[in-house]
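Look at the two complexes coming up: chain A is in both, with chain B in one and chain C in the other.
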Partner chain A sequence: MSASQSAVRSRAEAVKVSRTFDWLILFTLFFVVLGGYHIHYMLTGGDWDFWTDWKDRRLWVTVAPIVSITFPAAVQACLWWRYRLPFGAVVCVLGLLLGEWINRYLNFWGWTYFPVNFCFPSNLMPGAIVLDVVLMMTGSMTATAVIGGMAWGLLFYPGNWPIIAPLHVPVEYNGMMMTLADLQGYHYVRTGTPEYIRMVEKGTLRTFGKDVAPVSAFFSAFVSILIYFLWHFFGQWFAKTDFVKAA
Partner chain B sequence: MKLIKDKVAKLSFVALLATVSAAMLYTPTASAHGEKSQAAFMRMRTIHWFDLNWSKEEVAVNDTMTISGKFFVFSGWPETVDKPEISFLNIGIPGPVFIRAGSWIGGQLVPRSVSLELGETYDFKVLLKARRPGDWHVHTMLNVKGGGPIIGPGKWVTITGSMGDFVNNITTLTGETINLETYNLENIYFWHAFWYALGLAWLFYWVRKPMFIPRSIAVEAGKADSLITATDKKVAMGFAAGTIAIVAISMGNTNEQFPVTTPLQAGLLRGIKSIEMPATSVNVKVEDATYRVPGRAMQMTLTITNNGDSAVRLGEFNTAGVRFLDSSVAQDETGYPDDLLAEEGLTVSDNSPLAPGQSRTVQVTASDAAWEVYRLADLIYDPDSRFAGLLFFYDEAGNRQLITIDAPLIPTFI
Partner chain C sequence: MAATTESVKTDAAEAPLLNKKNMFLGAALYIVFYGWVRWYEGVYGWSAGLDSFAPEFETYWMNFLYIEFILEVSTAGILWGYIWKTRDRKVMSITPREELRRHFTHWVWLVMYAIAIYYGASYFTEQDGTWHQTIVRDTDFTPSHIIEFYLSYPIYIITGVASFLYAKTRLPTYQQGLSLQYMVSVIGPFMILPNVGLNEWGHTFWFMEELFVAPLHYGFVFFGWAALGILGVVNTEVGAISKLLKKDLA
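On to the complex of A and B.
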């Protein structure tokens, strides 16, 4: 076979090769994103995602969406503009959650015996689905950043509330009131994570009384819009094929 | 040549297999906490733990034990370490092998960070409930913001039984009794599985169609718009609307199911009560101090003045949790860890009772392998070569006085 001849000899073969190629790329993409996004999120979201006694109504709500919209924005840029595939955000979150669950179950629970109900990951899927749908429906980076980014930030807390609410039930413990999540943090000793490291309930949103979660969510949503733009550009830049053209 | 290459390849393969097998099969438990690696000055000049008591050496799963004692927040706190204005009474164990059922300083529960004062002595107690069987090194520990963990003495404690039997029952303020070990697990698994399945459904909707090559060709050919069909848009709208509806409904249901929830509790606990230590009547001046590297011994020249009304003798020098005793004056009856106890490690050139009003200059030698084993000898490599510790004097009635010392230390290498 010469270099100018095709590797396939029929349409059926071409389709088969194309599908094989699809699965190879998707498999590779999934695990590359899983690794990269997981490391990124652990480094930037870290303890806020690790422990229930960090999942508060101010900083967790603010930080987690902002640092997690990054990879979805970048992967969307590649998959949408190159292939019109609107599952960039969802595939990122599927990868991240699989990696996180493997880590939490095998490492946090399997090796160090922290109960899973203390160290489960945050749920990012509602925002990811909406982000993908907005991109698909509008076909616009700006609209996706504004509408989708806003939705990403706003859906985070309510999307997680059914999971964490039972841990915010109060308990009286030796004369002090705390939530069950606080009690988990106190009971399950983390030698390297003293209580003062916890960045929770800090800030000056006192004007809003007990209703600070929506305010934090709106702020997070606003910053998520900006971060979306930035990482969407990163994604577009990384998805360039200039180097292939040169060859 | 080929034969040699084959043999090398085979041996390399065997070596690789052996290495991998060894790494997989030999996984010893990491039981210590780096206490020996911590800079000597951190252990000698920050928190002085004393009168420690581990209530049990063996405890069954679900049973409790306590660690109690006192700690002195050293007045000569090193400048290179932030002061303990934000601190946390922790416990040095390898993960949650115990749960911390309670911890108190000065009688106050301290689940949160506390502010401590230099020069004050505090009593503390930590209540531990056994969770995971094994032999564990259980340390006292204080974390200081800006200073890091300051680990105290540790003792081996054995937990017997099975972790499967462990329960952590708590009654909430809404009257429900739950096992915190497994509480909410099904709910967590359900919601994560549900949302993951929804994400997979969205992904599968797209991956069942040809993906990368045909779509790339279409986009390059300017036919990108043809790749999203009207059905795709309907399905997408269904996913988005369904997602928002599920979030809203599940949140509403959760609020109905858990009408009483509170925010996480945080904040610094101030006003922690220290112990009123009895006034001291002994005055000690450190004339000089040397550490003899080959002999693993520290020698101090002390001028001791007794301003009290009863004769006193020096019984103990305590630094970094290592206790050097003059057995003719003081013995340990608390079961203090052997490796931290030099029962006859303190030698005083003249330790006869020092009568009231008298003053005496003596040579005091604290010698034990612990200097080396606990890497206290590394003090000579610290940024400011000073040592510190507690001296315990005993009068004729057996009363004890605690005197702190803090002075430069000169190493001798010959």
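On to the complex of A and C.
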């Protein structure tokens, strides 16, 4: 390669080439991250995300934010620190939600006929926006982990409340008290339906009644902070450009 | 005068930097093919895929599996072999413009990899969740597994390795050794396929009902993380492309 030659014929072409690469990179990053994030999320928190009768006040609120802050933290570590792009978390969550919605509609409904109001995905967007905004405003990984991570955990339940509330109203069915979401589960039997598999509303925390969701969200926020730190460093490692010599 | 005319002629006949036609045709190939696959699942999943001991299961699903194996091994052999055999042996002497063109072609491969990863890791993997929540498995080779594990995963592996090989054989950037994160982003997701062995062994041994978050599935999770290696690939590419364009963009 000759250093004196130019790869482009004019500045205009250089700008056009640069913009074209931007789109190719964004598309690739979006869909590869979508794939990795989705397989991670569906296999670590998926059951709580798939079905309304798993979306309880304790484990859904605890598990979903903890396992979902991972990829946003890693992608932020690359996009912000290398390119000052403040949308690492939002781009991850948009990808995840796109993958989930396509699936819930075309496959959960389209192939196995579960109604969409039984298998819609959880909303992670409020936490993602806050995570990105905190990083952009503070420019600090520590502040983002502590403030953003805590917000990620705390905002999850309120962010989903308007969607899930109508399904958490109590109903009486054959003499038993349950939620409307539980009733949906009874009508749509799955291999994960048996109560020894369905992990909802377990433990003595239930005796605290109305406090279950806030306490779970607070615990989730605490662990989300720790997970953010860890995954931020993972993200820095994955963003490396090192070469190794072939053996 | 003659030289100038010749130069203009060369420019006019020059291949475009980004072959958009190839890119859109490639993307269409994946989308149309997987659209057909989804149609096949919809029709023959319910009509012939519920009982693995039924003769129609052999006809519509096991034969599908055998054909997949043959086509995948042949495609991988031909495609990877072609890219390797036609490698540029003087890759360090190409012109900057040719290098830029090859980067674009490389990105066409990466776009295909992104599409293939989406279908494999997102579309068909979560689809497997709803199928096995609905139909009790009586074989390792269920309709959703035949598509997910043995079709969509090999396709992204074939695409990813092809992309890696293209970069390694045609781009000066990748001549300094093996890009660590490129290997992570290709070999990590590849490892999801061997991990199917653990998954099937576990399901056969314990015959657990489909709890998607069961620890038996964590191997998929671990190797799924490797998709983040794409961040390193992007950074390597941005560095290389910036170097090519730097003085023109200044």
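As a convention for this text, the second predicted complex is superposed on the first by the 232 of 247 C-alpha atoms of A that agree within 3 Å, B and C clash if a C-alpha of one lies under 4 Å from a C-alpha of the other, contacts with A are read in each partner's own complex, and residues count from 1 in each chain.
Everything that follows uses one rule, which is that contacts are C-beta pairs under 8 Å (C-beta built on N, C-alpha and C of every residue); 3 or more make two chains touch, one makes a residue touch a chain.
The structure displayed is predicted, hence computed values, not measured ones.
K.L.:
Give one of first, second, both or neither to describe whether A:P194 is in contact with chain B, with chain C, with both, or with none.
P.N.:
After superposing on A, A:P194 lies in contact with both chain B and chain C.
K.L.:
Should A:A239 be classified as contacting the first partner (chain B), the second (chain C), both, or neither?
P.N.:
After superposing on A, A:A239 lies in contact with chain C but is clear of chain B.
K.L.:
Which partner does A:G46 contact after superposing on A: first (chain B), second (chain C), both, neither?
P.N.:
A:G46 sits against chain C, while chain B stays out of touch.
K.L.:
Contact-wise, after the overlay, does A:F114 reach chain B, chain C, both or neither (first, second, both, neither)?
P.N.:
both
K.L.:
I'd like to know which partner A:H38 touches here: chain B for first, chain C for second, both or neither.
P.N.:
Touch partner of A:H38: chain C, not chain B.
K.L.:
Tell me which partner A:I25 touches in the superposition: chain B (first), chain C (second), both or neither.
P.N.:
In the superposed model, A:I25 contacts both chain B and chain C.
K.L.:
Return the residues of chain A at which the contacts from chain B and from chain C coincide.
P.N.:
15, 18, 21, 25, 82, 112, 114, 190-192, 194, 197
K.L.:
Taking the touch rule as given, give the residues of chain A at its contact with chain B in the complex, in rising order.
P.N.:
Spelled out, the residues of chain A in touch with chain B are 15, 18-19, 21-22, 25-26, 53-57, 81-87, 90-91, 93-94, 97, 101, 112-117, 120-121, 123, 125-126, 128-130, 132-134, 136-137, 155, 158-159, 161-163, 165-184, 186-192, 194-198, 200-202, 210.
K.L.:
Under the definition above, what is the set of chain B residues touching chain A in their complex?
P.N.:
Chain B reaches chain A through residues 33, 86-88, 90-102, 109, 111-113, 131-132, 141, 143, 145, 149, 163, 168, 170-174, 176, 178, 180-185, 187-188, 191-192, 195-196, 198-200, 202-203, 206-207, 210-216, 218-219, 224, 227-228, 232-233, 236-237, 239-240, 243-244, 246-248, 250-251, 253-255, 257-258, 260-268.
K.L.:
Per the contact definition, I'd like the list of chain A residues that touch chain C in the complex.
P.N.:
Per the touch definition, chain A meets chain C at residues 1-2, 5-8, 10-11, 13-15, 17-18, 20-21, 24-25, 27-40, 42-48, 50, 63, 71, 74-75, 78, 82, 99-100, 102-103, 106-108, 110-112, 114, 119, 190-192, 194, 197, 234-235, 238-246.
K.L.:
Could you list, by residue number, the parts of chain C that touch chain A in their complex?
P.N.:
Its residues touching chain A are 17-18, 38, 41-42, 45, 92-97, 99-100, 103-104, 107, 110-111, 113-115, 117-118, 120-123, 125-127, 129-134, 136, 172, 176-181, 183-185, 189, 192, 209-213, 217-218, 220-221, 224-232, 234-239, 241, 244-245, 247-249.
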